[in-house]
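Paired with chain B in one complex and with chain C in the other, chain A is shared by the two complexes that follow.
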Partner chain A sequence: MSFRPCWRCFLRASDLSTSIWQPSPARLSASAAPFSTSTSSLTNASADRSTAFRAKVFNLKKEKPKNDVRAKRPAPGERKAYRKRIILSNTNALPIYGMEDFTVENMCKQESKGMVLGIPGNNVDQLRAVEAFKPTQAWGMFRRPGMLVRNETVEYAKLLEELQSQGKSLRRVLVGERGSGKSVMVLQAMTMAFLKGWTVINIPEAQELIIGHYDYAPLSGSSPLLFIQKSYTARLLSQISRSNPQLETLRLSSTPPSNFPIPIPANISLARLAGLGASDPEIAWPVFQLLISELTLPNSSIAADDQKRPPLLFTLDSLANAMKDQTAYMTASFKPIHAHDLTLLKTFMDYLSGASPLPNGGLILAATSASNPPPNPSLDLALAKLETHSASQSSAPSPDPYNPSPATPNPFYTYDQRVMDIFEGPNGGQVEVQRLPGLSKEEAKGLMEYWAKSGILRQDVDERLVGEKWSLSGGGIVGELERGCIRMRI
Partner chain B sequence: MATKLSGALPYRLLKRCPHCDSHVPRRSQISLSRQRRQKLSTSQGKLAVAAPEIDLSTIELKPPNPTHARIVPASPSYFTGRPLYIDNLLSLQSLLRKYQTLPTVEPGLAPRVAWKTVSQYRLVVGEPVRPSKYTFVLRILKRLNQIHPELVPPELQDELQIYKRDVDPFANRPTPGVIDEFGRSYGVGRRKSSSAKVYLVQGTGEVLINGKSITTVFGRIHDRESALWALKATGRIDKYNVWALVTGGGTTGQAEAITLGAAKALMVHEPALKPALRRAGCITRDPRRVERKKPGHVKARKMPTWVKR
Partner chain C sequence: MVFILQRNFKDARLVKVLPPPPSTHIPQLTGPFPLCQKCLETFYGVGPELSARLMARYYIHPTAKVGSLVDKQILDLNADLSTMNIENNLRRQLRDNIKRLRDMGTYRGRRHAMGLPVRGQRTRTQTATAAKLNMIERKG
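So, the complex of A and B:
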């Protein structure tokens, strides 16, 4: 018997009768390429015959590693977290000794105008819980969060005082140029409300509610059909329970409706109730409804031993998004849902239009956004009408036929009646429109001195610098002032 | 002889001597030289006298025969290459000689005059005057122009008028800006294809451009700074309110057009700021425009990519 070598595998076939030439499939898979250095598991993996053959080709060139990613890829959600993170302190900034805190007393003083006051620590936590701070604002540049007391701040402090003492309610929309401080004005109102023990509910960005990032479901039994956003409502309830400590002392005084999904103890605290809803999105919407109705119960109908309901501050930012007639959500018949058919926004709009009363007083505050808002001619027209109406009460405007006022309807536009009704409906006449102007030069000087003391603005703050920066920022538009002084430094 | 024959001389030659006052007739020159020669000869005549002196009075002169008349040019420069130019130069030189003692003004304070260029002068005299030769004329003209304006004699004024350009570019002065009844001054500025009308009024530093705030019109801080650069460079940003209308072009052009307009309007309020504004670069209009596209090019200068075949 000759020893004939196998020329493919250089093995000496000791016995041709062995099963090399009649392999079983299992055997083949194990020793299909005896000369290959690749492991048999890899050859198994390549089901394609041509690639299996190619693996056997002797290649002098060094093969490129397939996954040539040296940097670590960010984990899912890490980038968004980075984008949305709120930094409220900077240890490199100089601390300002003698900086006063925002208090109930000094916020309505005329002497505080033009001063930068610090936000008290527990209020910072509350404001953080209600997402009042925005990533675009410059909190992260300073040692601790502080706010400029501007003319309107003092006005708001007095307004809140008046609303609380007289039990009145007010609905207001903030308008103004981009960077004029509308969102910070809402934040200041929230700070004051927290200091005064009000209940604060904040929808930090209406856009989040309409772009289809949260789950939604039709609300059974509603006519016309409404849609609830369970997880967002749960988030909102968590936000309310974390930020409003006074809810611990408030007790449920009415019996929940018969179709309430879970049994709840009769004397449950409102904080506990909100916590229940926050932990379970399935029951979030009925809990939110119950909570809101509890918070707006007239104090006269509450038992004497119960805590009185404090006034309510309900705020919403980026109003134009909340007025869209077409959201990213679709009905079962694949029609876009109107923003006012989403229950959370509907709740806010009912308060804004005055359809839902605030018997214990309070403030409904909506801020428009001038940074890339969706075009909304209905909202623009309604706000312009209200603004000119309030302006005409002070001084009669001269009609100019060549320059029609924005308060005149454009015949080429279609207006959304649902939006117009909020401001023009039976209860809508009393919505106030407040235009935020730029800072005065004194306020600008106070703010720039604060920046200089923090070590961020490295120039002498004198009349000349203040005047120059004030003019360059379009007459004291805070955002532009900040951009010109502390952001775009060379 | 020239005076005697003047009636018979052709018009062209007569015109050749516009300034006969300073001109010595040829005949007298000849006769003078003859006398001098005779004097010379008499002084030497003691040694050798060829003939006694001719007493012309005794010679009976025949009436001149007009056919024997020789045409003598009116100008002594007739036989030079550029007789009119030489005449002019001589006339100017004599004027300078005549009036050189008159008081002059400081070199920078003489009235600005645009003298004729050499080509314009050539058209007047009809002679191919070289530029280097014309500079002699110009040099005298500039010296004569230095004479105190109140003491310039009319004769000199008439003479200088010949050499002045027909259209005086220095007479075309911009109308000085005025502050109107509302306290506004006005200036126009241009840059690239933008044009800005700027009104300045004393105020607190408010700015409105096309009825909008400066932050709305110019998103870039750089553009805002360049729009208000005239005021910023002079430290007047919080002293005036700006109201501007700007059209055409893009943001950079519009911002820099406002710079020039604001500088002009500011100079109406404070003319003394002109040197400071010039140092800040707010006076001179930047004449650059988009360069035109040329045939054969992809853009103004870019050539198409070279392709083999």
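So, the complex of A and C:
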């Protein structure tokens, strides 16, 4: 029997048993090695592991319960409450010992300029009730709410004193750059008014009234047709009754009109009256009307034994929204309603234009907003005209390269006569426009020292730092100063 | 629960689907949230324009919830909607129009009957919508 020779080594089959090509088990496994990077000693282990892994995967699928837990959806209103919440205290901030409070005396002192004064506790509650604090302001960074006494603060304190003593009224619009402290100026005016026992009514954000988030209904018997916002009016009445404790002592002195919706006892306190309106939106508007007419009754017509009416501070923030010719509300014939046809805004505009007098004195204060205001050429023009008019008596306004002549009508714009009439009409022309400038360096230093004492600004407040931050904030624009020092610290 | 035109709506529903917010910095709501909450626009034939006009007619503000409507507003809405050519009447009108085209033997009628595109679109691909909707007894 002949064997075929191995064609590689030409050995006979008989010799194959001794040749290096003998396929022994060890050789076999070694010969497999060049195709794998793992050593042969691991082959068994890896095989075990892969089967164990497979088994484990199988078991895992079987054993692990299905994870069906989803994140809980926030309850209705929870997100809004979070967005709108006002935090006025921070226990992490250092308390400032010896910080004085706002008082009637120290707020009009020249020495208080550049100091940060605390808001007294009961005033904080009142200001909270009138929604004077805004969520965008940095109250939550400090131990207790405090405000810088700037040059304008002292002016306001003196102004309020003068208005009260002389029984005069003043109508004023605050303008200024974004973050220049317009809303806080309104807040300071409200604080002073509360301290002096004035009646304070505040519309915290005019936008709320025009974007269609509150119900509306035509006011029967009005011509041209006006629209009331019952639930907002009820809210405003509740705000008035909670924030003005002196209304408890004021009594209704006139008889309500014959068509008043509910019988009310004579000699009812104004706080109780406001409470009635707050609890029932259906009667809120007539109650508001009666309350306002009572608050603005001339003191000369009030009986001697009755309490005299205090001056009134009526404020509104975000004025451009209150001047819109088209709101989200529609008439029955599907035409947008003018903001001045909404009764609450109309009431304010009547006081601002001077159509409704304030016989016992008071201040009508409106603040414009520079954060996302609706474009309103009529308001811009009217305010620019008034500002140029007042500036021509003192100093020229700062030139704006993008709008060199803001007080001249632009032929490509249409102007709303109703808005212009507020400022230029028969009763208008007496509205003052006040531009809030940046802080002075001394005021900026006082504010920065307060931040340093609160432990938020961790630098030595010296001339150099104050100068640097003051310049970087566009010449002491307080919002920018705050952003540069305590919000965007790196 | 409020009944409008024999259909009941939960109180928390908005009367109208909200238009997108005008300012761009507000993030747009994604998902079915605004759509599922509309009420008037659930009726076939009532769209954004008509629902806005209806609400203006009875002084219902844009973000009103169904539960906040007073009885008179609901009655008025019901009375108005019942006189309108909506729901089954409108569907019937649509079917009648198609039927008329078919009875006349027009090309359009034929295409409706065959479930093919009516207005000259291609038929090689992308005729799913026509296949789904076009028929003599069209649903709506």
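Here is the rule we use: the second predicted complex is superposed on the first by the 411 of 490 C-alpha atoms of A that agree within 3 Å, B and C clash if a C-alpha of one lies under 4 Å from a C-alpha of the other, contacts with A are read in each partner's own complex, and residues count from 1 in each chain.
FYI, contacts are C-beta pairs under 8 Å (C-beta built on N, C-alpha and C of every residue); 3 or more make two chains touch, one makes a residue touch a chain.
Just so it is clear, the structure is predicted and the values come from calculations on it, not from any experiment.
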Chain B versus chain C as contact partner of A:Ser405, first or second or both or neither: neither
Partner chain(s) touched by A:Phe334 [first = chain B, second = chain C, both, neither]: second
Touching partner for A:Gln326 - first (chain B), second (chain C), both, neither: neither
Partner chain in contact with A:Met488 - chain B first, chain C second, else both or neither: first
Chain B versus chain C as contact partner of A:Thr136, first or second or both or neither: neither
Which of chain B and chain C A:Thr103 touches, first, second, both or neither: neither
Which superposed partner A:Trp470 touches (first chain B, second chain C, both, neither): first
Residues on chain A lying within both footprints (that of chain B and that of chain C): none
Chain B to chain A touching residues, read off their complex: 204-207, 213-216, 221, 224-225, 228, 231-232, 235, 237-238
List of chain C residues in touch with chain A within their complex: 12, 23, 25, 52-53, 55-64, 68
Complex contact set, residues of chain A against chain B: 177-179, 441, 463-464, 467-468, 470-475, 477, 480, 483-484, 488
Complex interface listing, chain A residues touching chain C: 76, 212-218, 227, 328-334, 372
